[in-house]
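These are the structures in question, set out in turn.
Each of the next two complexes has chain A plus one more chain, namely chain B in the first and chain C in the second.
Take a look at the complex of A and B:
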């Protein structure tokens, strides 16, 4: 039975499930570091997926799909930034409102523009090509898992160390974290919290837009109403579980994707769906309990220091 | 940022106004012309059949029907067929019909209320989306007759008649195809939710295949998650993972998630089956056939029964009534883009099984009731 559980196909499936979650979670993490509680990734991802599909359909070009997807994510992020940063609104209320808006708006525009409800598939929609890296992609196991991604898949992997460098090894990253942790201190040093928070929220709009693009043009080549299906919320939890640290957020995203992929396999092996469906939540609980000690130590450091 | 927003608001407003106007005015002039020519013969025929048992309907009134769709008809075959059935009854009986298209809950309510104001003989509603409103409005308006297709409230009012499908009969026929065509002798289903109702699809599919070859193995996986009816990404991964374990024929029972399953079929090279309408054109070469709901036939028959006063509270439609079926039995098979069209020998087998189900020599169990 277990020889059917683990193979390269499972890991490929895990990576496909992880990429959209990771992209959105990295954006949420930057916001978290800048002191903006970001829960609008679900809506941004869905809007990004719709716009990416629309752009790709209209221009028959996946490149334009990416541009459209990012634009949609940025538009929603601007609303969020204006509401929470400029107007000091409640980010939770606003985030939920934006998520509902994205769901309603894409559900409305789909029949208005494309004349269908539910799902839109068309041969004009140009999907993102997989770009296998010659040589590397032929390595057994790892090759097909890591080196046969879409451009956004590679980007997601590269962004993890890149954002780590940006946050912890550059002056801009230091200021961004300063704005999040001690806004008054940052301001007294001449750092504008507003500018950094806007920047962080817009960055998360870009990344969530890319997450939606990967979902609609990479994982699939179609748009379905509500197709983000909770992935933005998983990203929110990944940010929390990873304590807004790039490598830990990557680990959390991988964990959720792995739990989901493994759940599919276990279902195929006869385990009831009610149990496999609970697997990601179970994994979260176990991870939280296992990581509790480290959290406690971190909390001691921050409050005691 | 303000200009795109303004344009967006403008588009929204225009679309809503357009929808509201279109609903009430579009059809009226075209259809009122019809009864003028046919009213005389139609009413005599109607009075001959209905005057004796009931006196409630004025015999000189031609039939009037209003179809309220839960969503825009667009290219949604299911909803378009609802209109086709309504139109056919109105034209055959010499009467008028209108279609009110809705987009959301508020327009659905407004449309149903507008329909009630016009007091047609029957208001036609379709799908689960409208079932609660059908229940509510039929109880509030006991003199107005309603029918609802493909859903039914728990205790329908006497003036509401439900038309439901015997989906297991079509699924059984798909299973027969899979039984003949599967080379791996392993079949499977990707199903939205693990609830008893969906056994009418996956369990009957398996029974159909095993009626051909009892050794065929069946497996079923469920999409579940946050959005089981519209999560094609999840459905695709599930289908790929199921296909990796052997099944070469996989039944897609995921409504809006089906697109992902068909993409998986093209990638992993298995063959699939769709639901409700002909989904073959969305992945030509990878979909063998579909478990059809022939909505127009059901609307037409149920309307006739209601107008003649013979309808029960819940009427079920299967192969013998032409209410469910598969493309292999339909006249449009050649242009359907379904794989089954390339297998005339199996089409013959399926026809024979369908005839057996209709004449009762083959009994398909209803998984919902034992």
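Take a look at the complex of A and C:
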């Protein structure tokens, strides 16, 4: 049984499932560090996926797809930053409303621009090429799993140590964390909380936009309504579970991606799709229970104590 | 919100300014203005589209349909408000509605007997199922300290899978191409009333529920205590309120309402449980936006629920006649809440008389400082 389940193909689908979740979670993590509660990743990712598809279709070029995907994520992140940082709005309300706005807007634009409902695929949509690294990609098992990614796949993995360096080894990272943990102290030292919070939210817009791009141009080459399918929320949980630490967030993302990849595989083995679709969310819930001591901040935020 | 606008400048201008500076009014205007731009940019005539939307919502069968769709929207808004008032962020309305809807409709389909018995029974079973489903995240928060915000939302996806599995593998109607249960028999369907061209009896029930909620919120100890916990959980606990028990209580009520509404959607509207239909309609989320717009105030929930229902029904007419997708309605609804939550109306009209805005007061006072 197990040798039928666990092989390089399974690991490949795990890594593929991981890239969008990891990208979005890294963005959410930066926000968490800056003290901004970010639950709009689902909407940013969906908008990013739609825009990436549209850009790629327009120019028959995945390059423009990436540009569009990032732009869509950033636009929504600006609305979130304005609402929560400049206007001190409720981040939960804004996050939910922006998610629903993205769902509605992509559902609206799909028939208006492309004349179809549900799913749109077209030969003009240029997918992201896989870029196997010569030599490394021929290593059995690991090679095809790790060294045959899209450009966004490599980026996601490189960002984990890069963001760790940024957060914990640079003055800017120190200030960002200061803004999140002791906003008054940071301000009295001349660090502008507004600027850092805006920066963090925009960064998460970029990363969630890239996550959506990977969904629509990397993992698949199409756009389907609601195709983010809860991954943005899984990313929220990954930030919580990983306590906003890059390597731990990486681990949490890997766990959920593993559940998704395993579900995909079990589906091939004849398990009903309804069961396998629920698998990542069940694993997420179980992981939450296992790590339950960690959510004091969020509980304070939502229950006032 | 009592905005005292000094009427220094006379007449219409001042009055328009007074109305527009109300946050909800301003946000509605803002959303429709932005919607206008979106429709224009996608190559359609916004004026024509909005006119079709307006006509479609209130003329012909539109009024009946608007009232009909207001039932689940107002109901789900009520379910959300029960929890939100108490500071419990229940995002699981969708799952509670879907689980309750399947359980209730199965009772309606498979229980023989007269409608007077089967229909209430279906509603009760639907409500209980929704309540049970809502208890999972409730106990998750009170016993395991897992935030309801996250668990209730994740359980939506599990509920989709569970109901999809049950319909596909246990209760499938082979005679249709849909993934769907059998039809609800005629006798077990929610009766329609001979007003407005045949609205469902559920409309009366949901209005009653709004009135009951209003009375409970304003006149009972439970209403007062939940509100207090919503304002300040720590203070409520200090004041002797058992916040944990209350959290479970409001979740049970919210889940029960969700389950009953889900049951109504099958025995009073669609007449068969089609896999994914209740999810795609987005009713639970529309209800959530309505509760936010109405700030959990029951009479406003009714008004805002009718408004959003009209947007959606009118949107369908707009889609038929003006070739503009009804999903514009969803965009408008979400934009209204984004604008309200971002306090767009403040400042814009008050920059001249400079006093602290509520936002500034908050950041200076409580906040995270």
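As a convention for this text, the second predicted complex is superposed on the first by the 262 of 305 C-alpha atoms of A that agree within 3 Å, B and C clash if a C-alpha of one lies under 4 Å from a C-alpha of the other, contacts with A are read in each partner's own complex, and residues count from 1 in each chain.
Simple rule for what comes next: a contact is a pair of C-beta atoms (placed from the backbone, for glycine too) under 8 Å apart; a residue touches a chain by one contact, two chains touch by 3 or more.
On a predicted model such as this, the values are computed, not experimentally measured, just so you know.
A.B. asks: Considering only the touch criterion stated at the top, classify A:277 as touching first (chain B), second (chain C), both, or neither.
C.D. replies: In the superposed model, A:277 contacts both chain B and chain C.
A.B. asks: Check the residue A:112 against both partner chains and state whether it touches chain B (first), chain C (second), both, or neither.
C.D. replies: both
A.B. asks: Quick one: classify A:93 as touching chain B (first), chain C (second), both or neither.
C.D. replies: Only chain C; A:93 stays clear of chain B.
A.B. asks: Which partner does A:224 reach: the first (chain B), the second (chain C), both, or neither?
C.D. replies: In the superposed model, A:224 contacts chain B only, not chain C.
A.B. asks: Contact-wise, after the overlay, does A:16 reach chain B, chain C, both or neither (first, second, both, neither)?
C.D. replies: first
A.B. asks: What is the contact status of A:240 with respect to chain B (first) and chain C (second): first, second, both, or neither?
C.D. replies: second
A.B. asks: A:103 contacts which: chain B (first), chain C (second), both, neither?
C.D. replies: second
A.B. asks: Using the touch definition from the top, say if A:121 reaches chain B (first), chain C (second), both or neither.
C.D. replies: The answer is first: A:121 touches chain B but not chain C.
A.B. asks: Of chain B and chain C, which one contacts the greater number of residues in chain A?
C.D. replies: Between chain B and chain C, the winner on chain A residue contacts is C.
A.B. asks: In the overlay, answer first, second, both or neither for which of chain B and chain C A:136 touches.
C.D. replies: neither
A.B. asks: Let me check the overlay on chain A: which residues of chain A are in contact with chain B and also with chain C?
C.D. replies: Common interface on chain A, chain B vs chain C: 108, 111-112, 230, 233, 272, 274, 277.
A.B. asks: Please name which positions on chain A make contact with chain C in the complex.
C.D. replies: 35, 79, 82-83, 87-90, 92-94, 96-98, 100-101, 103-105, 107-109, 111-113, 183-184, 230, 233, 236-237, 240, 272, 274-275, 277-278, 281-282, 284-285, 288-289, 292-293, 295-296, 298-299, 302-305
A.B. asks: List the residues on chain B that touch chain A in their complex, please.
C.D. replies: 1, 4, 11-12, 15, 71-72, 74-76, 103, 194, 219, 221-222, 224-227, 230-234, 236-238, 240-242, 244-245, 255-260, 263, 282
A.B. asks: Applying the document's contact rule, which stretches of chain A touch chain B when the two form their complex?
C.D. replies: Touch list, chain A to chain B: 4, 7, 9-10, 13, 16-17, 20, 75, 78, 108, 111-112, 115-119, 121, 215, 219-222, 224-227, 229-230, 233, 260-261, 264-265, 267-268, 272-274, 277.
A.B. asks: Can you list the residues on chain C that touch chain A in the complex?
C.D. replies: It comes out as residues 38, 42-44, 87-89, 91, 140-141, 144-151, 153-155, 157-158, 160-162, 164-165, 168-169, 229, 231-234, 237, 243, 247, 282, 285, 288-289, 292, 324-325, 327-331, 333-335, 337-338, 341-344, 359, 362-363, 367-369.
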